[in-house]
């Protein structure tokens, strides 16, 4: 991939926003590799994402931030914006429990060069996924979450928070972690903690969604990648997908079919998050 | 289509059921054009659907019913079975309100020879869909449902019940009818009233599901064809499908995209119902 | 829908194009309702589509064309651009043969208010689709194409060309027309003649694609909506979709399942074409 | 999984086949866990697959083969049948080149307990996939295929054949192996060599299918899992799937999106093959 800067920007819509941003970039000689715009008619909010070839600008990312910040403020005092540099390698910490399918999938994508990130660490509630993690040259931290022991769990979360804090990753991925994050961690990791829920939300919130789906007799099951918020399974949705099931599928068949959807949905959501394609606005997302 | 008899059968599973049925058919010389079997491991219930070429049997459908009934009873006193004759033309009554997309679609399929049924009548809460109905040579009954007038509604339902009763159809199709059936009609039409709900159930039960979907920010919307029961939007699901939506889709875009899914899902569900492919067991369906 | 102007524009990519266009629009006070950009890395060609609220500009569509034309020429002498006015109602002529499923679908969409166009005329190689066409209040022209009679066919095409020429429609839709257009009509209708081919092109070019698909044993069949060019079934693809088939599906089952995909794919392609979302570049399309 | 016997059977259709098979099983007390039937109307060939709970029969798999063989011969001298024992662990040999995505996926599925097989060996044309293979405790054989050296290639194939011959696996999986099998290996491995081709066959046969797809401007790309035959990319298709691409997708985006489809399609096809769900008849498959 060429070296690029990614600008994301949002503010209340008015005439002249695109002109202001594109004129700024054009006057600096910036070549736009990719650009997307959206105005939400319900909220009247304007969103854009622009990808600029780094080498086309006569200044570095710090000066781009200074200059673009001034443009953003001139457009609106309510502007929300961010400039990221693809030259800065993305770091990810993955949290797992016993089920390894999402972890295997993510590690395979990284090893195959398909997902260009550093997995800084994997944290596991149980030991068995340590071997594959270490085989990929990635540190594995075993942090047990004792059942029915609130203090023990709080201590475990503090340990996880310390590990995540040490690596300061661009994404914390709950890859079938199976523990409900406490409100303080939801806040601390806001906008960068991604969960994969094994249902097509808002159907089948909570525990054992595939069992719920089987009992209801649905003809499709799905998975949802969403940002983690204090409200369980209700965070802004990044991506969803479904697969067909039939009367002949037992719960274990549904689990198996659903796993393929979980893996793909999580991988897509994570990629889009790391490429700064996902802009959150209230409880909804814009995915450019 | 060749003339066929369709046998559906269910009972508690045990060894020898298939042998008993297939031996009965083989001894009568019956050629099986299609056969499907399923055992539900949760309930231990066995289901089968067999399609026999009518001309291969030395007796008519009445004698087939007599003979097969004896076989069924010998297999299990709990047997539930049915023998239908494809030589008997299927009749359908369609209930509509203002939105015509499902009606246009069904009438088009019938006219194109794709859905081989007689539409005996269309009943509309409003007048505008009368013209297209009559253009297809089908009687249209305008039965208004006065808002906020329980007695008027009860009288309207009685009129609809009379029309349906007169035609005694194989299926009553609620093609975006938008009125909640009273419990007595749910009972009277049990197992032959099909509704199309414009969401991927159990998500977004009730009113304005596309608005609910937009507000939640889901990335796919769907439709569900189900049997009508007294429990709103909770009847056994026959078929579901979904289509992708994105942040750029307004509610009216979602409505438009969803309609294509509604039409297809309803048409599939209706076809399967009329071909006796759908066996209901509790709140779930087997679709052979 | 609000009154809007749709600008489509393409030229060799260079820095400053977006700035030039958006500054022009901003200085005129134009509110951009929708905007999309794409640069093709293979050809180095830049594409954009901008939707401007008509009422936000202080001039009419003619002056917008004059002014935007000057901007376009100043950006590049190779610019290709178009400004269309959603206030001008779209006209469509539909060509059919015997199979009515696509015609029924399009007429139903128009009647249901889902596809906001005038169907100026339907031209049929056979008579049976005349009734439904006239029931929708649309003129039907029966123009027979005599088999094995090249002169008769040429005369028939001349008649079709005269009908189309009279209405000068925004789209000529070959809705399972089954006749190969002569080169002069391909040229005359270039960029506005849409065909629906009942396969997932480039698989199964030519006659009886569903039979070909069945013989090959594929597990999915599809449909392709494309612009008609002199090279049969090789025109730029606007939209494609597929549906699953299985070993139990006979050719007639595949035909039936495929029809749903044909209808939806054609309807999507036609909508996008009429909304000027489709930009052709060589043998490929950009669909904004 | 419970211990089961899987019976597959095919012969020219006639009345009484199901009765003969099911009576044989019923008289032995066999509980049928799963049964499927199909008659191909084109060839008049009957197919069935029956899964019997091993413990319900009073004899072992050898005697089941003897007894069922007699039944099969009594039904038709042209009968083709097979009885397999799920108690016999399935063995797989995987052939790879440089691209590891399918290998990572398969190894992850095996490690996660999702695909219950022994991977006896992985054979690689290049070295890099050796590490991950060994990390899973599986032997890796590096067998280079020298470019432009027919004798060297023949020697390499002989070495691969020896490795495969030693393990005598139930499936030889060409997981993006990129070498065309010689006719003698196609023959030796007939019916158990599975390839994943990265296109929706019959589109884009041969080299660089994603590049071909991009050049043609298709709106969906796919993958095909098929049995390897001497006729390149023309073997019986087991499974296919597709994913949507758009004008903004470069060839490398298409490659990435396509890989997810390759992995899933190969995994599905391999599972069905190993469960004896795939019956080949001519150039087509029945997948029960």
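Order as written gives the chain letters A, B, C and D; numbering starts at 1 within each chain.
Everything that follows uses one rule, which is that a residue touches a chain if its C-beta (ideal position, glycine included) is under 8 Å from a C-beta of that chain, and two chains touch if they have at least 3 such contacts.
Every value quoted in this text rests on a predicted model; they were computed, and no experiment measured them.
Touch-path distance (fewest steps) from chain A to chain C is 1.
Identification of common neighbours of chain A and chain D yields B, C. Taking the mean Cα position of each chain as its centre, C sits at the greatest distance from chain D.
Averaging C-alpha coordinates per chain places the centre of chain B 35 Å away from that of chain C. Separation between the centroids of chain A and chain B, computed from CA atoms only, is 41 Å.
For chain C, residues touching at least two other chains, in rising order: 34, 248.
Chain A contributes residues 13, 15-16, 18-20, 22-23, 25-27, 29-37, 39, 56 to its touches with chain C in the complex.
Per the touch definition, chain B reaches chain A in the complex via residues 38, 40-41, 200-204, 215-220, 222, 236-237, 239-242, 246-248, 250, 283-287. For chain A in complex with chain D, the residues that touch the partner chain are 34, 99-101, 104-105, 107-109, 111-112, 114, 131-132, 135-136, 248, 256, 259-260, 264, 267.
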